[in-house]
Each structure stands twice: as structure tokens, then as C-alpha cells.
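As written, the chains take the letters A, B and C, and residue 1 is the first residue of each chain.
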Amino acid sequence: MLAWTIYLSFAGALLEALLPQRGPGSKPALARWVALLVALAGFALAIAGYAAGMGQGRMVITDAAWVPAMGIHYLLAADGISRVLVLLTGLAAVAGVLFSWNVGHRTNEFFAFFLALIGGVYGVFLSFDFFLLFVFYEIAIVPKYFLIAIWGSTRREYAAMKLALYSFAGSAMVLVVLLAAYAAAGSHTTSLIGLSHAGLPVHLQMWAFPLTFLGFGILAGLWPLHTWAPTGHVAAPTAASMLLAGVVMKLGAYGCLRVAMTLFPHGMDPWGFSFLGIGSWRSVFAVLAVIGILYGALVALVQTDFKFVIGYSSVSHMGFVLLGLMTLNQIGLDGAVLQMFSHGVLAGLLFAIVGRMVYDRTHTRQLAELEQMQLSKRLPFAAWAFVIAGIASMGLPGFSGFVAELQVLIGSWTANPWWTATAGVGIVVGIAYTWRALQKAFFSDAPPAPHLHEHGHELAAITWPEATGFALLGLASLIVGLYPRILLDSIEPAVKALLAGGMR
Amino acid sequence: MNYIDLFRVTLPETALEAAALLVLIVDLAFLRKAAATARTGVAAVLGVAGCAVSLWAVYSAGSASLSFGGDLLLAGGGAAAVAEIGILVLTALTLLLIDSGFTQHPGEFVAVVLMAASGGLIIAAAQDLLVIFAGLELLSIGLYILTAFAKTSAKSAEASIKYYLFGGMSAACLLFGFSYLYGLAGSTNLHEVALAAVTSFGSGSPLFYVALVLVVVGLGFKVAAVPFHLWAPDTYEGAPAPAAAFIASVSKVASFALLIGIAAAIRHPFGVVHGVIRFVMAHSGPMPRWLGFEMPWTIVLALLAAASIKIGNLAALAQTSVRRLLAFSAVAHAGYILLALAWFSQRGAESILYYILTYGLTTIGAFGVVGVVERATGSDTMDSFLGLHKRNPVLAAVLLVLFLSLAGIPPLVGFWAKFNLFAAVLAVGAGVWPFILVCFAAAFSAVSLYYYLQVLKRAYVMPVVDAAPIRVHPVTLIVLLAITAAVVVCGCFPALLQNWIAGFYPTM
Amino acid sequence: MMNGMPILTLLTVLPIVGAGIALVSGRHARLVAMLTTLAGLAISLVVWTHLPADGSMGFVERAAWAPSLGIEYHLGADGLSAIMLVLSSIVALMSIDASHRVHRQPNLYFALVLLLEAGLFGSFTAQNFFHWFLFWELSLIPAFFLIKLWGGAKRGPAATQFFVYTMAGSVSLLIAFLGVFLATGSMDFEHLTLLASTGELAQMVTAHLGNVMPWLALGVLAGFAVKTPLMPFHTWLPAAYSEAPSPVTMLLTGAMSKMGVYGLLRIAVPLFGHEYSVMRTPLLVLAVITVVMGAWAAAAQKDLKRVFAYSSVNHLGYCLLAIFALAVPATSTAMQNSQAAALNGVILQMFNHGVTAAALFWFIALIQERSGGIRGIDDFGGLRKPAPVFAGLMGIALFSSLGLPGLNGFPGEFLIFRGVFPLAWVAATVSVLGLLITAAVILTVIQKVFAGPVPERWSGENSSGFADLHTGERLALAPVIGLMLLIGILPQLIVDGVNPTVMNLLAHWRF
């Protein structure tokens, strides 16, 4: 059932591409509705698959020999972690379409790339064959480039190229590891399970782990390789930045977990010596994650562009995911996966507000200019939507972010209390930057700009797709925040199985 | 051996030559007054028919091989058959993409293409130094002519002269090297030469190595490996589009097939039965690991590969002409393949064939698009691709697929080819160096995305300057779509082509 | 006890629903808020009157929530919780009553007030850290926006300062509590209190995390110290109290500041009593500084709101003083009695300060309505002539704040000093200084505002004069003043209800 999320998305992309492009035959409305239907169908399948998978372990969905001579299988499967992320993808896809309702330029191409990206993302989350996973991972890169380069804003071509090259550099690292692991395991399987049971030599794991983690980590915004993220997010059109922060960054984190950590668990073993208190790759990446948390938050604090604030906040929040992964304990990993979901929803929401609700109406994202616009009065819906998204994002209890970050902090404490303490400082700074942006953008007391009340400066009202999208994402975060078991019941057994089987 | 055998085994080549003559006769005798398009059409159709006959001949010949005096001249089956089929299919596609604009003599063009292709068929199967040289010259001279075929274009003439001078020089080196080998080994048969190098190991002459380097110079020129690549950008830029496509695809396939043959001989000098018997009679005990040519061969090729990957990709970054860009990218692709030749294995051979066939296919398609755009805009600069998505969405989509495949993006065939190739290199298990070079290649293939995207960016992203639609001849469009479909299908189902290639090898 | 009915859940959900209704009811939002709060008061009173006699938790509700995280849906109320619920309801009612001048977006205003109320109710009934923290933080958001959107000229920085300080405190508290959870796997207050009372908590923490108990204790304390506040964590307070609209200040000082003290009693002291007893001396010093410097700072202010803001610091300082003073192992019955007296005093003081401070800020709101926003201490004079009823009622509230016997301010402070003197006589003695300064401050206010000549501003020909309270205002204020008198005369109304809980709490505290 879940496999159809992939096929449906690609079929939708193809259909969009074949719709009449321009001239009298082109119908942007049709393109929108097709995209919405495809996204909704994917979401429905994801929910159904999630419900059906409750209480079950890893389920194989499809297993067909793909390249028999090389032992490569078209192996789709899902465990609790995959199902949660597939659910997130479905949600983000629907919300992304809703917040792209006003895309009027090359509408069907936009949705074609959009759905192709979604299809690739579904594919990554469902692949249990390293090769297949890599294929889907790369499929997701190209649409991203075009979405940003064609429909983006500030320095879009630069940002898109940077994003594509960073991603591709990361995937080159992963490709090398894939080849090496395949060769080392005797060149007869690329299945993740097969490779993890192949007893890869420790010295290989010792270099393959950091390389893979780095390769995937680039996409997850691992400091100091995060620099594509803010520029990419800022340049991207709303839906693309929603997807970029919402699900694409999760691809990286998911790869770190699913590939780097399960295939090369010994790569996280201590080196036998320590330098500045760092004695293993695990602590290296944990420290990088913590730096990312703090650095992202501090940089977000001084941004003048509203979207950059959110862009850097993503770096900070993804730091929690990576930190959670490096705790290597049940609760920390639970938290990391939950944070993937939570950040996916919340970053999507924040970008939707900044990009769609505000920027598309005001045509500026400079906080200094927004300050003079009295948006809390002129766009109260956007203002209060941002309040809700902001408090959820800064980790207030009752929303998903809190439960997730809580678990990561607990998990990291057992690993190293200093990580927790520093991450805690990051949270405080996170509160500060969110609040600063909130005040400057919406609730500023600065005198209104003189031209504000002239004719022609009215802001369009919030449309139904925006309100629906907001409700969808906000509710998702609230439900998970108030009743985290809805996801944790699925995540916990999966993480437990991972920890029990091989990964320390 | 008798002439009947000779005829049977060389039937494919013969068919091509016959077709070439037929094309000339028809064109000169019956169509002198006809319109250029009609002449081109008839010539191309006859040429394709010749390829089809030749193809049938290759299939019917099976794994028959040709020997003379106990020594193998032309191999049958295996890599040779795959390469021959590839050459014929690619030649046919090139012919189908010919446009009538650049020449008044389409019949002659097609005839030269067919003759050059027959040279390609010969070297793909050649197992003897002399046959190799003859085939190479047949191919090369054809290519020089094709390059110069746009008689009104100064660039074309310049490119041809450059190509010819470089080619002549390298042919001289090759011949010089061959003469050393013959002098040292006393035979022109590849396996005999390789065996001589092995058996004289330790007491052998350093001249073996001199000869090897000279041969590598000659062959490196053919595949445009750095530092023998200087002709490539000018030729790709100056030659008429179909000629460039032919050089980039068919000539590459033939040259790499030849290199596979040589590498196989060096790696397995006792691969031929009587060679083994002789070796076992001369020696007893296990084979030392680095014998004969294998070590210098690996080192030289690895150096060439690394240099090609680096220079090719970096130089491509700076290009503004799409043809030159394709030329440098071809240098880089040759570099990847050279890796698999350096650390050679049976599986490596299959992966090289896979790579070069799909690369040839993709490149023909790419030159097809370039040709169409060039005719519409009069230039092959990147900026002439501006707004292609608006001017002809189908053409833009074809370009997108082909270039992404060249960049190695899954699920297109270019990715699978690269993966397969690198996996084969690592599977040889020769320690850390192949791995480092694969890392190097993977890193530079990430770089390559940049320049492919530069073109795609203009086609899709940047503001449209001229929105006038570009018209494409229906045949061209169909051929391009077929190539695109093949690139997608082979990428999604890599086993199809791979199993087909493996089917030509005797089961091991 | 009312079994079976989730009355505490009901109480918490009520204002949230009310907020939703208020949001869509436009001009009638104030009525909605009023009715909702009245219903809340009624429920709170039911809870207060139906507590178990032994001081244990009543109205307990438990349900599984997220077991793997130690999160359980666990509600309950004892005397401490119940009196805080009653106080919150009363203060909220007063605040809504005082908010009749809100014309800008009244629906949003009252919705936020009700949300704040929900935060108070939720945090006063939670028995699980997660649940408690949820509402603790929830109350912050509406408070921020109430200051930010309806506050005075410098509301922006004031609101931000308030928010960031409190949040920083919360994060410190959260992280420290995580340590506890990590060691015990529990977030349940009841369970953790039991563990702490046997000393197991300290052992478990030390075993799991090393010697971090003092750090955890300080981390938790920091969160409450900001909220209450304890000097030097008070710097957000004067700005926030004076920039917030007066009805909101009523909520801030009357109810929200109690969350800090409540948290100390419900979380910090039960879990870390021993640690606090170890660091008792420095803590007492801080408490004494808070008491004395709060009063002194009040004396230096020229703005009436700031005067009362610092005076609030001073008044809550007594609560902190008492709490730190009683953090000592009781070696005799007399000491136990002193502890009980001090704790009773703390709870009484919380209630009384809540009512009195809210009333005082209400009076300031009334003054500002008449003066057009002017509230400098030197801007007034002789108001008892033009507005005798106003002066009389505000005088009662002022004297209550001063701690005049017979008014509600007295019994709380009396019990505190009764308990603290035997336990920490030096601190108590120095703190008396605070009492004296406060008295001087309040008397100065009375003198400057009510006595002396009426300034030109109010008596001039062009001025409309300073109107006395009209009937509606008198009716609204009467119950409050009545409550002050009632508690002043009959403190046992509260003490009798609280005392069993005090005994129960002390029995579980280990110093």
C-alpha cells in the first residue's frame, strides 16, 4: 500500500508535465487540483499505511530482483520510523500544495517538479536497499534545483546551484561508501539488512561511518556544512522551502540513521585516545550538532531578513535531530525521530507564514520594513498563526517540538551532560530569536510607513488554502504535542529493534 | 584459413562497405537534380539499411573468429560482438539525425560515415597489431574527412587540420610502438606479445615499457585522454553536428572496445588456450601477481584516468560553447572508463561496454539537440539555449534527461553505468589505490553537475530572450525521443542491457 | 469529594472554551469572560470546600498519557492548590471587572485573559511535571501579549524582558528537572516527593548522574526565583508591572507571581529540601535582600505603579524568607511548630498579597481613568476631599498592604515572623527593617495622595476635578474590601483549610 505513495507521486508529476503548458489550453486551476488530489491521495495512503503498521515491526512491501547479477533488489519496506516519516511527507505535500495555490507562473511545471520531489522523498523513506535508497535520494535533488531556480526569489540561481552542488557532493560521499561497502561485503547484495549482517571490517566502518554521516549530514544541515540551508531556504518559493526544511532535511537525518548508523555501528566506537574530550566519531558529530544548535540560534538572532531567521532556525532545530542520533540510546533516538516529524511540520508552517502569508503580500522580508507595516492589525491571521507556530517551534510544551527536544535532551544527558547544557542555552537563544522576529515582523510599535494607508496598499485577505494548510500543520503539531504516543508507539519499537540488532 | 571464412567473418564490414558504395552510386547517378532533403533522406535510409544488414551479419556470425596461421586476427563474440552491435546501432542513429544544411554532398557524407564505421567494426574485434592499425587508420581517415565536411566553414577546416595533425602524430607513435613490440615478441598477435612480456619478466628488455608507453599515446589520442585530448574541443566545436556526434560516440565505442581487447590480453596473457599450454610448459608454479605489462599498464592508465577526470571536468566548467563542454565532458568520461581498464576484469569489461554504449547513445542525442538548436539560433553557445523550454518543450525535456544522465543522476542510465563501472573497479580488490581513485572520480562527478546544470539552467530557468518556437524535423524528434526513452528505460531497468551484454560472453 | 466527575479537568478546560467563545463574541467578550470566571470561581470554591480532611490530594484524576516519558495525566488538589485556585479566580474576576475600559480588540483581550486563567488553573492542579510545565508556559504567552498589545509607552521592551527572563528561568528549570527524570524515570510529583522523603531521590540522582543534586536544586530554583521574584532575578518586574495595563498587572502580581511560590512548595522544596537546607544561609541572605531592598526601592519610586511593583517584591520576599527559613531539619516539636506556622503564613500571605496587590493596582487603574493616565506620586494630593469614598477604600487596601492588624495583610506576615524568628532570628530581625520601610512607603503614599492641598490640576477652573467612585465601582470594590476585612478578622477561614495540607507537606519534606 505504501509503495503507491511513490508511484502515485511520480505519475502525478508526469501528468502535470503532460498537461497543456501554455496558451489557451493551459489551465492552472486544473494543475492545482490535480496536485492537491495526488498529494491528498498520498497522504491518505500514508495514514492508512501508518494505521495498518501500528504494532508491527518491519514490513516488506515489495521485494523484486532488480539487477540480479549484482544482487540489487528493488526492496521497499517500512518500519515504525519509515512510517512516521512517510506520514510527515504526506502531510508536508498536502500543505505544500495548499500554500502554492497562488503559483501562476508555469503552474503545471511547478507541480510536476513538486510531485517528483515528493515521490523521491517517499522512495527514500521506504527503501531498504542501499542502492535503491541512493537512487531515490538523488532523484530528490534535481527537482529541488529547478523549484528554487525557476520559482525562487532572492539570489535564486546562486542558492539553487549551491544547494544542488552541496547535495551532490554529499551524495558523492555516500556513493563512495555504497561502492566500498558493496565491494567489502562480497559484491552480492546492497540490501541494508544484508550489508549490516555482512560483518563489515571495523577499519572500514571507522572511515565509512564519518563519510556517510557527513554525506547525509550535509542535507541535514550539519554544521559547518549547513551553509546551503539558509540561502536555499530563503531563495526557495514557499512550497519548496517548506519541503526543503520539512522533508528534504529529514532525508539527510534519515540517511544518517538508516545507513550510517545501522551499517557502520563500529564507526562510533571510541578511537582509543581522546583529544579535547573527543574520543570517537560519535562525540565529534555530537559536538558538531551542539555547535549547530547554538550557532544556528545565535545567527538567527541577528538576521535582518525574516526568512533567514527561519532558515537558520532550521539549522538549529536539525542540530537536535543529529544530537539525538548521537546519543545512541532509546530515548534520544526516539526524540530524534520525533524531532524530525516535529521540525518538518513546524518549519513548514513557519516558512508558509513567512513566504506565503507575508512575503507574497508585502513583497519584502526585511524585518526593518515589516516593522513599519503594522501587520498584526493588517494580517491578524498571519500574526497569530506565527505566534502559534513560533511558540511551538521554540519548544513550548503542548506542541510537538517540546516532547521531541525533551527526549533529545534527556538522551544526551546520559551521553554527556555538557551537550544537554549547551543545547539548553540554544533553546533559550531560540526563544529569543523567535520572539524577536515575532515582535519585529508583526507586533512592532514603530510608526507606520507614510504610504501605508494610501490606496493600493491594502493586503489581500488570507485565502482558504492558506487557512486550511495552517490548520492542518498546526493541528498536527498540537496533537503530537499533547498525545505523543500517537507517534511514539510506532517509533519506540522500531528504535528498540535497531538498538537491539547491531547498533549499539 | 580460406577466403570463404574470411568473407563470412568480415561480412558485417563488407555489408557496410557495400552500402557505402550503393549510397554513392544512388546519390551520384540518380539524385543529382533532386532536392537536398531528398538526397539526404535517401542516403540516410540506405545507410541505415546497410547498418541493419551488417547487424544481421554480426548476429549470424555468432562467435566465429578469424585466425591466420594459428594466431587470432579477429575475435568473435564477447566484447567484440557487443561493441560491433553498438557501433552499428549508433551509426544508424547518427545517420537518422543528419540534417541537410551543412553540405551539398550528403551521399558522400553518409558513405564516409559507413566506411569509418566499418573501420570501427574491425578494431572492435582486432587481435593483431597490424589489423588494429589498419582498422584504426580506416576509422581515423574517415573521421578527418567528416570533420572537414562543412566546406564553407573555416572552423570545420581548422578543426579537421588539427585533428589530422594530432592524429597523424599519434598514429606514428602507435606504429612505432607496434614495431618495437613485434621486434621484441616476434609476433604481431596481441596474446603472443603479452605472453612474451610475461615470460621475459625479470630478464626482459625495458624496451617493452617504451613500446607500451608509445602504444598508450596512440590509443590515448583516440579516446581523448589527457594529455592527448587537445584535439577534442576544437574538433567537437568545428565539425558538423552529425560528424561530431559520430566522433563522440561510434569512434569512442570502437576505441574502447580495442582497449578492452588489449587489456584482456595483458591481464590474461594465457587467456588463449595454446598460450596457456605454452606458458605452463615453460613455467611451473603459480603466477606472480604483477607480471609482464600489468603493473606499468595499470600505473600509466591510472595516471591518464586521474588527469582526464580532473582536467576534463575542470576545463568543462569554464566553457561557454556547449560543444566544447561536451568535448571536455567526454574527456572526463573517458577518464572514468580508463579506471576500469587500469584495474581490469571480466566484469570490468562488461561495465565498460555498458558505459560506453550508453554514453554513446546519450551523446548522440545531446548532439542531436545541439544541432537543432544551432540551426535555429546559429550558435552553440550556452546562451543560445535560453528559453528552450518555451521554444520547444519537448526538445528541452530531451535535453534535460540526456544531460542529467550524463551527470549521473538516477534513475537515468548514466548513473547506473557509473555505479556499475566503479563497483567493478572496486570488486577487483587491488587495495587502496583503486578506492582512492574512485573517490576522486565520484567527487569530480559531483563537480560535473555544475556545468550540465549551466546548460539546463538556460534552457529552463533564465529569462526567455527569444520565444519564437523551434521546429524539429519529425524524424529527428522521433529519434531523439527514442534515445531519451532508452536512457530512461535502461536506467530504470539496468538489468536489461546488462544481461544482454553478459549474454555475449561465454558462461563462466 | 466528588468522585467520578473530572472536576479539575473541567475547571481547566472551562477558560479555554471560554476563550474560544470570547474570541468570536466581539463586544460581549467581557461578559463571556466574567461568566466563565464566575463559573471558575464557583468550581474552585467547591474544590476548596470538599477537600479531604487529612490534607492529602483530592479530586485525583489519572490516565495514561505517554508512559515511556513518565508523562501521566495526573491531576489533584490539596489545600494549597485549592486556595490558589480560589485566589486565581478572584483575581481574574477583579481584573476582568477592572478591564471595562478596553476598547481595542476586546475579544482578543478577554480571550487572552481567559487563557492566562487556564494556565493558572492548570498549573495549580497538575501533579505531573509535563502537565504542570505545559500550563506554566502556557500562561506566559497570553501575559506577554497582554503587555505587548495593551501596555504603556515602553511596553515592547518590557514585554520582551518579561518573556525572555521567565523563559530562561523555565529552561533552566526544565533541564534540571530532566536530570531528576533521568535518574528516576518519573515525572510524578507525588512519587518524586515520596522518593525524596526517604532520601532515595538523592541516591538515585547521584548514582545516575554523579554529584549534581545541588546543581539540579539551583536549576529548579532559578525558574521559580525569576517568577516570584527573588533578587537579583527581579529586574524584569518593575518594567513589566508598570508598562502592563493595570488590570493585567493585577493578574501578574495577584496570581502569576504566586505560581513561583507555589512551584517552590510543590516541586523545589519537596525534591531538594535537603540541598536547600545545605545552602540555606546564602538563600536566606538573598531573601532578606529581596525583602529589604524591595521595600527600599519602593521608597525611591515616583510612579505609583512602580511603588507597588517593588512593594510586591518585598511582600513576596517574606514568602521566600519563610520558605528558606523553614528548610532546616526539625529537631524539636517547637521547631516543627515554627515550620508549620511559617508555612501556614506563606500560604496565607500568598492569598492576601494576591487580593491586596490586585486591589491596589485596581485603584491605580481607577486613578488613571480619572487623571488621564497620570500616576506620579507627586501629581496628586488631598484627594480625600474630592473623593472621600475612594480615599477610604484605597486606604483600607493600603493599610492591608502595610500589615495593619485587623486587615488581611496582618495574619500572614504575623505567622511568617512567628515561624521565622525561632528558625532564623538574624534573618527575621533584619527583615523587620523591610516591614518598617514598607510602612514608611505606604504612609508616604497615603500622605502625598490623599492628604495636603489639592494641586492646581484637580482644583483649577478648567479641570473636571477628581471624581469619586460611582456606584458601580463601589459595588465592584465592596466585596474585595469585605474580603480583606473578613480574612483580617477570621484568618482561620483559610488557615483551617490549609493547615492539614501544611502538616501533610511538612511530613513529606526532608531537609
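Rule of thumb we're sticking to: a contact is a pair of C-beta atoms (placed from the backbone, for glycine too) under 8 Å apart; a residue touches a chain by one contact, two chains touch by 3 or more.
Nothing here was measured: the structure is a model prediction, and the numbers come from that model.
Taken as a contact graph, with one node per protein chain and an edge wherever two chains touch, the assembly forms an open path, each chain linked only to its neighbours along a line. Among the chains in view, A has its Cα centre nearest the centre of the complete protein Cα set. With centres defined as mean CA coordinates, subunit C is found 84 Å away from subunit B.
With centres set at the average Cα position, the gap from subunit A to subunit C is 42 Å. Residue ranges on subunit C touching subunit A, taken from their complex, read 65-66, 68-69, 71, 130, 133-134, 137-138, 141, 145, 148-149, 155-156, 160, 163-164, 167-168, 171-172, 174-175, 178-179, 181-182, 208-209, 212. The touching residues of subunit A, counted against subunit B in their complex, run 17, 21-22, 65-70, 109, 131, 134-136, 138-139, 141-142, 145-146, 149-150, 157, 160-161, 164-165, 168-169, 171-173, 175-176, 178-180, 182-183, 187.
Those residues of subunit B that touch subunit A in the shared complex are 389-390, 393, 397, 404, 409-411, 415, 419-420, 422-423, 426-427, 429, 435, 438-439, 442-443, 445-447, 449-450, 453, 457, 460-462, 493-495, 498-499, 502. By the touch rule above, subunit A contacts subunit C in their complex via residues 331, 334, 376, 387, 391, 394, 396-398, 403, 406-407, 409-410, 413-414, 417, 420-421, 424, 427-428, 431-432, 435-436, 439, 443-445, 483-485, 488, 492.
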